[in-house]
Amino acid sequence: MTTTPLLSVRGLSKQFGRVITAEDLTFDVHQGEALGIVGPNGAGKSTLLNLIGGVIEPDSGSLMFDGQDITRLGAAERAKSGIGRSFQIPRPFTGMTVFENVYVGASFAGDTRGQAGYERSYQALETTGLLHLAEHRAGQLRLLDRKRLELARALATKPKLILLDEIAGGLTEREIPQLVETIRQLVASGVTVVWIEHIVHALVSAVDRLMCLAEGRILAIGDPSEVMKSPEVIEVYLGSTMATAEDI
Amino acid sequence: MALLEVDAIDVHYGDFQAIYGLSITVDEGETLAVIGANGAGKSTLLKTIAGINRPRVGEVRFDGANISGLAAHRRVPLGISLTPEGRRIFPSLTLEENLLVGGHTKRPGYWNLTTVYETFPLLADRRSRLGVHASGGEQQATAIGRALMSNPRLLLLDEVSLGLAPIVVENIYAALPNISAQGTTVLVVEQDVNQALKVANRVHCLLEGRSVLEGKPAELSREQIASAYFGI
Amino acid sequence: GGGSINTDTSTAPTTSASTSASSTALAGTVKIGFVSPQTGPLAAFGESDTFVINYMNDYFAKNPIVIGGQNYGVQIIVKDAESDSAKAAKAAADLINNDGVDIVMAAGTPDIVNPVADACEANATPCITDNAPWQPYVLRGKDGIKSTFHWGYHFFWGLEDVAATFTDFWSQVPNNKKVGGLFPNDPDGQAWSANVPVIVKADGYTVTFPPLYPNLTQDFTAQISSFKKSNDEVLTGVPIPPDFTTFWKQAKQQGYNPKIASVGKALLFPSSVDALGDLGQNLSTEVWWHPSWPTTSSLTGITPQEFCDLFEATTGKHWTQPIGYVEAMFEVAVNALVTNGSTDKESLAKTLSALSTDTIVGKVAWSPTAGPTSPTPNVAKTPLAGGQWRLTNGGAHKYELVLTSNKVATSEGLNIPLGGKEEALPVK
Amino acid sequence: MEWANAIVQGVLLGGLYALLAAGLSLMFGVMRLVNLAHGALAIVAAYAGLVLVQKTGMPPFASIVIVVPLMAILGWVLQRTLLNTALNRQALAPILVTFGLAVIIQNLLLELFTADNQSIDVGSLASSSIQITPDIAIGVFPLITFIVGVLVIGLLQQYLARTATGRAMRATSDDREAAELMGIDNKYVYSLATAISLGLVGIAGVFLGIRTQFNPTFGDATLIFAFEAVIIGGLGSLWGTLAGGMILGIAQTVGAQAFPSSGVLLGHVVFLLVLAFRPTGLFPKVVNG
Amino acid sequence: MSKSLAGAAVTQTVKVRRSTRSSYVGVAVFAIAIAALAIGPFAFLTKGNQQNLVTLFTYIILGTMWNLLAGYGGMVSIGQQAFIGIGAYGIVYAADNLGVGPIIAVPIAMVISGAIAYLVSFLAFRLSGGYFAIGTWVIAEVIKLVTTQITALGAGSGISLTAFAGAKPEIRIATVYWMALASVVVAVLVTYLLIRSRLGAGFTALRDDPTAAATLGVHVTRSKRVIWVAAAMGCGLAGALLAANTLRVQPDSVYSVQLTAAMIFIVVIGGIGTIEGPIVGAIVYFALEQYLSDLGAWYLVILGSVAIIMVLFLPQGLWGLLSGKGRIQLFPTGYRLISGPPIAEGSKES
């Protein structure tokens, strides 16, 4: 893990009407690290990913990615510059096959076309365990497979930074460690990860740093176990009887 | 007497059979947890009880009456209410309106806007927000509140803790006894087996559309559950 | 493929031309193509067409025509233009190139007539048209340049006749000679607004008209304001019926009460006038044809009065002016075929150019030497009169069309009896 | 003064548009059903009113009392037969089905009533007016139309916003299956909505039939204005529809005052301008799905 | 979910197939058909046949364009008549006023359509869904009303195409026929290649979910604009052919919303979202018109009923039925993953 910030977020704010979902957010994501994000429901976590991914525009603040100011770039340009993401509520291209869904990521944002693109797509499907469904219509997938598809598409874009929004929800206790392992390998292969998850034990076991958001502000950021012990985090997010990693 | 009797049902999606000769009974006031791996047929079971899917074979009886042929919207007045997988919040309605729609059948009982807001203070603050804008967790809480608003005798909860902050999950499960205390029978589907075991009087484990294990949490060993769960 | 129209509205037992009694003696069948707006907004014209076509089918079934000494049956093939000019053109081309018709006919507004005539020019087939003033027929290239025709032959009156008829009305009711013009932005409106104001100026009338409005405009406040402002005691124009109704009701509401209103198109069909309720009283309009016309059909011998009675008996509706003109096209076509002695298209066109026929609507002659002045080659002019709609108060019809001007017709040698004198509009 | 008059007449015209658009607003704004048969159905109502007035001699406004329930029944039947199935198909289905319906209706009317222009006669009411200033007179009939338009919109708005059934309609349009799970009978709710919508079309149709002459194909001409009113106002907002109707009406009359050839054109331009700056209309209540 | 991410693990054995046996047959059949049609006027096509085929070709182009818009671009426009009208006026203006000759006038008409569509897109693209549909309709009305104010184009009366004046009917009809044949081949082929290209996958993605497509690098607005302008040019082409075939251009006719209705009927009858669908739909629509239009009002009643029945009971259209729900593809656009390295065990389970 190096200390060069891959992504620096500076003074990022976003307000919907009277609802403040991001208020003066400033933090860095370092090259090659895995940053976990937790926070109460409605804290602004998904909004933050939307801001970084370029799906929504900030009211103020700036974003630097890989040495480039991306504040004004659209979602497609950001994807091309190396930001991949998954959506909390999956958004498959229902009229395409699973393979074609992934190939869109590989060929557009990933810019690998033809054979190379096919291989990249194949690999993403294999990694996420979707290969056997490659020829299925994405619209027919079950929720869980849709989530996997989110991940597969993001991987196919060859991201430098991947933004993951609750991809573990709905996984069985046995599948979660596999996912954690996948993320670890991803990080090991040099991809920077920002991961939102409410299944805290999964998150904590995979990330280098943890950030807790509440009401659009950073409540705590730092070493995962430190953050988890913070009384504010416990109060607004974890509750008293935090279910810890307790595998069957 | 059993409030709900699911009697040897087969459920299909087109040619694909999702449930094979499944039988389950739930007694009035009881909390039954249904667990099982992905695709085991848990959601299908709940949807069949709620009337969205119809069994091709077998019967669903509620309070002694065969309701297998009854449309979903006619089961709500009887006291069956489902919190569907994936929340299914009405996006163009405010959260409060979502709750009010939940009370559409006007079944009398403990639950109303006030009691729901007490249980989910999160919602009280955001009642005028549109469903489409609500965060995942806000939506989940609304979905449960909405189901409660019909004052069901039988509450069907499908993976309600999905996407919720730990503290909210804790609150919901803390609220479950409270819900049960109103005389509501609860059938909960949960991925998190520990959670399920904690709240349930009885557990049913499904594997590929069949019931493979049934019993009281205290009587079941971890190994039993694990093998039933994964079919090892 | 097309088919001859055979509906139960016809008078005699219907038999199609090809199975007629005398078919054994036929040397062949002449095919006449007819493009008619059977559906869509212009379908009112199509209804008149249908009546006449049925009538002609019956006639031809019993009376083969003699061409070059041999008997020929006549088959009329009708195509629906769906009130759309592109469809009309397509229908005409289809009639020529797929059904192999010898002559094409069309009637009813420039929207139908112009594209059909164009299609016939391009596909080298004689074409007889009417029911549209000759100016929009002739002046339709870019910037109103005259089109030249080889195959197309049109007969109708012109806007100079309307203008003369209208000024004749206006001279009968004292007014300030200020005229408001209600002209839409369609072929008729373009032609009227370009011609009528210029012509009536000679008689001392000033026509003010706001820029042309699109059809189916929902509100005419701007036009009414303008007429009120310039105190136009006379109203003229050529709106479509719904627009005139909207306008006229609004005019009454907003206190615009001209002394006299002479309006084309909107007041053509009796049903449109009936639909005005009592507001139709004393509205005047040009009259192309009327039961009192002192003419007979050169083909069937029927008189205008008989023909209108037949229409009313058959359809149960008030007679309409286009039926005379549609019948006249058949007279012309048959005359041309008989005179020509063959169905050869090129010689048929030449025959038409010198043809003169005394039809049920008056003399139709393209020859520059015969009949009323032909303003331009390929156009023959027919007589025009004018009349006023009057409530009958309990008669067979709600309104009756009373002839109040015969100036133009008389000058063209047709003596049409007047039914009364032009009266001012009722004061509200 | 001419300008003031143009505005007054524009407001009145807006009332007509709002009346025409009310049923459309319910179906488009609440059920997300783009009903291209709306104009044709209004003409059906106009013919129904005409036949009643001519055959029974009842006063034109009284015919509304019969036309509205007839249209409502028609709406109920349409929903049960065609539209419900259409809503279950792909997103395009309702547009296509209602378009097909419009074509069928127009041509059946043509067969039934011929292409003759017709009008429902209200006698002197058609031309009577109230003089406000020497230059401004308000037609009595346009005024009645306006008042009815505002009333209809107001009642419908209250119904949708305040009643459980209105809420159920909106919920059903969001997610039919989820609404079913709340005990809402979607067939009933949709049939009711379509019945109300067509009942309103019934009122609008009779007014249209009184206002001007109509024939079987006349409905299309007003359909676009009704749609514009709904969209300017914003989906799901009935008051928005009223405002939309006014804006359109005033744009047309004032536009025509300035450029008499371009009143309709300027109405369209104002519509497009509103959308350029407020792509979801002025007062959207519903998420544009 | 534990397979290694290392790229080197996957070798060249991944195979994706883009054409099918049926598509080879399709290419052959189409090539023969086009060749036969091209020599038709010399051999077996009467003038009437040729004119009918021009109409059919125009329908195929129109159907293909609306399918491109709605089926691939997710843009349900009911204002395509705007570009048909511009194309029709364009050819008249270019041929008669600029005097360039009808064959050159056609591409000019297309370019004008495309240019206006490009400008209009900045307004239209602010709208979506039902708003977009109605918005495009209003835009078409605006374009019509503006056209009726231009006296050089005959204002409200319309204008006749005189460039062919004096030409012998045989020559004129055959010329227009070949123009139409070339146009339909180009229009379908270009559409196909567009859809088959990488952009095509982006279009489909865009139609299904614009936000997700954007985050995968698809330029939403840019791609939509490509489709929009291409479809407008296609419609302009069809409009030019229409004018060349009927010789008279009248605003209410060439800007009629009925034209878009015909496009929609064609796509619905044939099936949306495939290249073949609109072709089949155009043939059926054309046949209905040929055989039933003499029934007048009843023809339209039947047409309306057919459309409703198709939508309700055969949503994939006739091509969906003929192709066995997509098993036969004459113009395949998809990506079939047919082979790869042996699937690792861990990834098989779900």
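First chain written, first letter: the chains are A, B, C, D and E, and each begins at residue 1.
In this section, contacts are C-beta pairs under 8 Å (C-beta built on N, C-alpha and C of every residue); 3 or more make two chains touch, one makes a residue touch a chain.
Note that the structure is a prediction, hence the values are computed from the model and not measured.
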{"item": "Most widely separated chain from subunit D, with each centre as the mean of CA atoms", "value": "A"}
{"item": "Chain whose mean Cα position lies farthest from subunit E", "value": "B"}
{"item": "CA centroid of subunit B to CA centroid of subunit D, Å", "value": "43"}
{"item": "CA centroid of subunit B to CA centroid of subunit E, Å", "value": "49"}
{"item": "Separation of subunit A from subunit C, taking each centre as the mean of its C-alpha atoms, in whole Å", "value": "75"}
{"item": "Residue numbers of subunit B (touch at least two other chains)", "value": "38-39"}
{"item": "Multi-chain contact residues (two or more partners), subunit D", "value": "107, 110, 261-262, 264-265, 289"}
{"item": "Junction residues of subunit E, two or more chains touched", "value": "145, 149, 297, 300, 350"}
{"item": "Which chain pairs touch, all of them", "value": "A-B, A-E, B-D, C-D, C-E, D-E"}
{"item": "Of subunit B, residues touching subunit A in the complex", "value": "37-39, 85-86, 122, 126, 129, 133-138, 140-141, 159, 162-171, 191-195, 222, 225-226, 229-230"}
{"item": "Parts of subunit C lying in touch with subunit D, wherever the complex brings them together", "value": "39-44, 46-47, 83, 185, 210-214, 216-219, 221-223, 225-226, 229, 241-242, 245-246, 249-250, 252-255, 269, 271-272, 275-279, 317, 428"}
{"item": "Residue numbers on subunit D that touch subunit B, as the complex places them", "value": "164, 167-168, 170-171, 173-175, 177-186, 236, 285-287, 289"}
{"item": "Residue numbers on subunit B that touch subunit D, as the complex places them", "value": "50-52, 71-77, 81-82, 84, 88-93, 97-98, 100-102, 104-105, 130-132, 146, 150"}
{"item": "Residue ranges of subunit A touching subunit E (in the complex, touch as defined)", "value": "53-55, 74-76, 78-80, 84-85, 87, 91-97, 99-101, 103-105, 107-111, 113, 115, 118-120, 122-123, 126-135, 144-145, 148, 153, 155, 157, 175, 178-179, 181-182, 185-186, 189"}
